[in-house]
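Two complexes are shown next, each including chain A; its partner changes from chain B in the first to chain C in the second.
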Partner chain A sequence: MNANDYFSILQGALLTVSLSIVSLIIGIPLGLGLALIRWAKLPLLKDLAHVYVNLIRSCPTVTLVLLIYYALPEFGVSLNPLPAAVLALTLSTTAFNCEVWRSALVEFPKDQLDAAYALGLNQINRMRLIVFPQIWRASLPGLFNEITLQIKSTPAVAVIGIVEITRAALRVGSNTYEPLPPFIFALLIYSAIVFVFLKLQKYFELQMKEKGYL
Partner chain B sequence: MNDFAIIWSHRDSVWVGLLNTLVLIVLSGAISIAVGLLLTPVLVGSHKMLAKMVQFYVDAMRCVPFLLFVYLIYFGLPSAGLRLSNWAAGALALVLYNSAYMAELLRGAWLELPASILDSGRSFGFTGWGLLRHIMVTPMLIRALPMIGNQLIQILKDSAFLTVIAVKELTHELNGIQSTYFIPFASFITALILYWIVCMVMEAMMGSFEQFAASRRP
Partner chain C sequence: MFLRSVKSSASQSSSHAWKRKIVKLTGFGVLASVLTVAQLHIVLAASLDEVKSRGYIAVATEDDFKPFEFVENGTPTGFDTELLGLVKKKMSIDIKQDIMPWPGILPGVTTGKYEAAVTAVLVTTERKGTFDFTTPVAESTTYFATKKGSSVKSVDDLVGKVVGAQTGSAMLGDLKALDSDLKKKHGGNGIKEIVEYQSYPEAYQDVGNGRLDAVANTQINLNSLIQTRPDMFVLGAKVGSPVYIAWALKKGNTGVLQLLNGALLDIRKSGAMYQLQKKWFGATFESMPQSVN
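Up next, the complex of A and B:
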């Protein structure tokens, strides 16, 4: 392996992490939206959200990525691998984030809502001033957990030919006829990235505990 | 609908895939719970050096994405002089990866156990292995049951990754049908629904286990 090989694997790692971050940036607010739909018990929509969350949560990421990439053209929507990957990853993380937000919403004390109502706050202000600041704190550990899980499952998009970390390592391996070293290198970089996120998670939880939010 | 008819005509290979996935889940689930049970006392034990080593293994697995780990096992074993079939290599990867998670969540359950259980076990003269087997294991497993259920579902999802080393599991078989007949939607929707059913059955089984455990709780 020469410097170029190392560099290409590093690039792959960056692409993988950027893909997961993009999907998380879209998926976390979408998950909140879905959770609010289920919380508000909107007719029909809440059932659709329920089925969606259940289906996606039981579906392996690889299978979902393959489904999105190969099946959408049947309906006349032809996506390049990158948008297809982002779509699949977003669909998946949205379902998980919805559950995190929803468990915070379900445990939200009803009397606070009543009190806000009695003070004459309208719907928007009730959510903005009373509900959201609290469920945000309650959801943070769960969200962080989901972030690390998402970063760990993103290499699944390799199956549709995106040159992310796994593909990059495979490619180097087949060029040098030594498959093992590139994978060890890839594992080391990727573990380091996940490790940083795990540490961040611990740090945030500690901060929250010190401030008495948890 | 014609597409689904094609899949129905290939139900034998779908069945092989489903069966392989199920066998992989049951086998690696059972082995990793067993290994987790063996590692947990080491993790919380007094032998600092051993505990550190096991903790390192657990942390390493938690930082590694499964797909990369599969390739590492698949390419690494021959270099270590071990020749395994793809299926066995995949199963080994599942076991090694999930044992760490099982050990970690069982450790959590162990630490949550009231100290009185351990103390009363000791005062009845149980030590070491006997203490573990007769006193600790049952309440620990009961406490960890919901998390073990989650981890088993995680194993189901990890097993789909094994398609990259051509293990004949569900995703692999349906991907094969898909690429032969160009019916991606029908194939992968079938896979998705089958995974869903398996998950629901697993959840129902865990639920009845939990009820049984709750009824036996003193």
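Up next, the complex of A and C:
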């Protein structure tokens, strides 16, 4: 492996991180939205959300990527590889995040809502002051778990020509006929990325501890 | 010792890919048939007129199929990429090349995202139903290789011997056909045992340690093996009849096919194609037919 090979894998890392972050920034709030729709039992919408979550959860990410890149043009939507990858990763993480948020919501004691209602809090304040802080704390481990999984599911988008960490490492290995060094380097990069996110999780949890929530 | 064994197994990753190509057709076929059944073929591959008004032909090439196509220091190279470079020079129209892994390539052609798969596609009867192929760019023949110094030299020497090939591969099919030929010829005596392997590095290892007397694979792959490990392996004889490797286009896209064929046949006539074959495969295939469709 020469310097160029290391550099190409690092370039892949940049793509892995950006794809993960963009899809998570969109997917985590969207997941919350879907979870709230299901929690509030909004007619029709809750069923649509339910179907969406189950469809996406049963669809392997690679298949989803292939469908978006190759099947959407049949319906007149032709995306370039990068937007197609972001769309697939976002659709996928939204479904999983929805379930993380929902697990916190179903555990949420509804008598607290009644109490807040009795105190005259309007709906926005009930959500903002009572519900959200508590489900955020309960969802944190699950969300960070999904974040680490998302980083590791990005190799799925390589199938449409996006060169993220794993693909970059594979290219180096198939050229040098020595696959082990690039894969070890790739593993180190993945570990470093996940390490940063786990530190972030720890930081959030520490903050909660200081505030006396945990 | 450790590094050495890594190197010897790693060096065969291209032969690995060979079978993948043949077997992966199944997975791809599922997607293709789903699309066909759903009658989603609204968007067709751009015809010659559309390509001309758009100004370019879109093609897809693999990134890890050495020596046919691979990426070196961020730049795509290999036999097909260099051949495409020659084709570009012959044509007035631009060619836009996307690099992606094998599983995305043939679906890209059937769905019309790309006009052609400029990659080493083995021409098979099944694929002829879905694709039109350009004039062949390379030939693939199954050969066997043995450990250096082995007494097995000709096909007849394989009688009573243990031979390995990759499971589900075209090479295994060739080996089985050879076995029944040998049995006819030698009064019921054929190959002692055909051992099927998941991938070739293990088979090569078993030839090295004597568990196998020979291993059957394509000539191009065995050449690359022997080039990397000339101390260990030698090429034996031909096991099967030649199959061809060509670029694949969506069936019926005759205009673009003729355009590519014109350039490819010119390049072949001038001898430049044979030079590239010599450079990347160590052999030239001058007896290939003009058309494989």
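Following the convention adopted for this analysis, the second predicted complex is superposed on the first by the 187 of 214 C-alpha atoms of A that agree within 3 Å, B and C clash if a C-alpha of one lies under 4 Å from a C-alpha of the other, contacts with A are read in each partner's own complex, and residues count from 1 in each chain.
By definition in this document, a contact is a pair of C-beta atoms (placed from the backbone, for glycine too) under 8 Å apart; a residue touches a chain by one contact, two chains touch by 3 or more.
It should be emphasised that the depicted structure is a prediction, and the values quoted were computed from it without experimental measurement.
*Asks:* First (chain B), second (chain C), both or neither: which does A:8 touch?
*Replies:* In the superposition, A:8 touches chain C alone.
*Asks:* By residue count, is chain A touched more by chain B or by chain C?
*Replies:* B
*Asks:* Could you say whether A:60 touches chain B, chain C, both of them, or neither, answering first, second, both or neither?
*Replies:* Once the two structures are laid over each other on A, A:60 reaches chain B alone.
*Asks:* After superposition on the shared chain, which partner residues are touched by A:175: those of chain B (first), chain C (second), both, or neither?
*Replies:* The second partner, chain C, only.
*Asks:* Please work out whether A:71 is in contact with chain B alone, chain C alone, both, or neither, and reply first, second, both or neither.
*Replies:* both
*Asks:* Just chain B (first), just chain C (second), both, or neither: which does A:194 touch?
*Replies:* After superposing on A, A:194 lies in contact with chain B but is clear of chain C.
*Asks:* With the two complexes superposed on chain A, say which partner A:183 touches: chain B (first), chain C (second), both, or neither.
*Replies:* Only chain B; A:183 stays clear of chain C.
*Asks:* What is the contact status of A:161 with respect to chain B (first) and chain C (second): first, second, both, or neither?
*Replies:* second
*Asks:* For A:97, decide between first (touching chain B), second (touching chain C), both and neither.
*Replies:* neither
*Asks:* Once the complexes are superposed, what residues of chain A are shared between the chain B interface and the chain C interface?
*Replies:* Of chain A, residues 62, 66, 70-71, 73-75, 158-159, 170, 173, 179-180 contact chain B in one complex and chain C in the other.
*Asks:* What residues of chain A sit close enough to touch chain B in their complex?
*Replies:* The touching residues are 54-55, 57-64, 66-67, 70-71, 73-75, 151-156, 158-159, 165-166, 169-170, 173, 179-180, 183-184, 186-187, 190-192, 194-195, 198.
*Asks:* Going by the contact rule set out above, which residues of chain C touch chain A in the complex?
*Replies:* Checking each residue of chain C against chain A gives 6-7, 10-11, 13-14, 31, 35, 40-43, 60, 63-66, 70-74, 98-101, 103-104, 107-108, 111-113, 228.
*Asks:* Which of the residues in chain A come into contact with chain C in the complex?
*Replies:* 2, 4-5, 8, 62, 66, 69-71, 73-76, 78, 81, 158-161, 163, 167, 170-171, 173-175, 177-180
*Asks:* Which stretch or stretches of chain B touch chain A in the complex?
*Replies:* Residues 60, 62-69, 71-72, 75-76, 79, 153, 156-161, 163-164, 170-171, 175, 178, 184-185, 188-189, 191-192, 195-196, 198-200 of chain B touch chain A in their complex.
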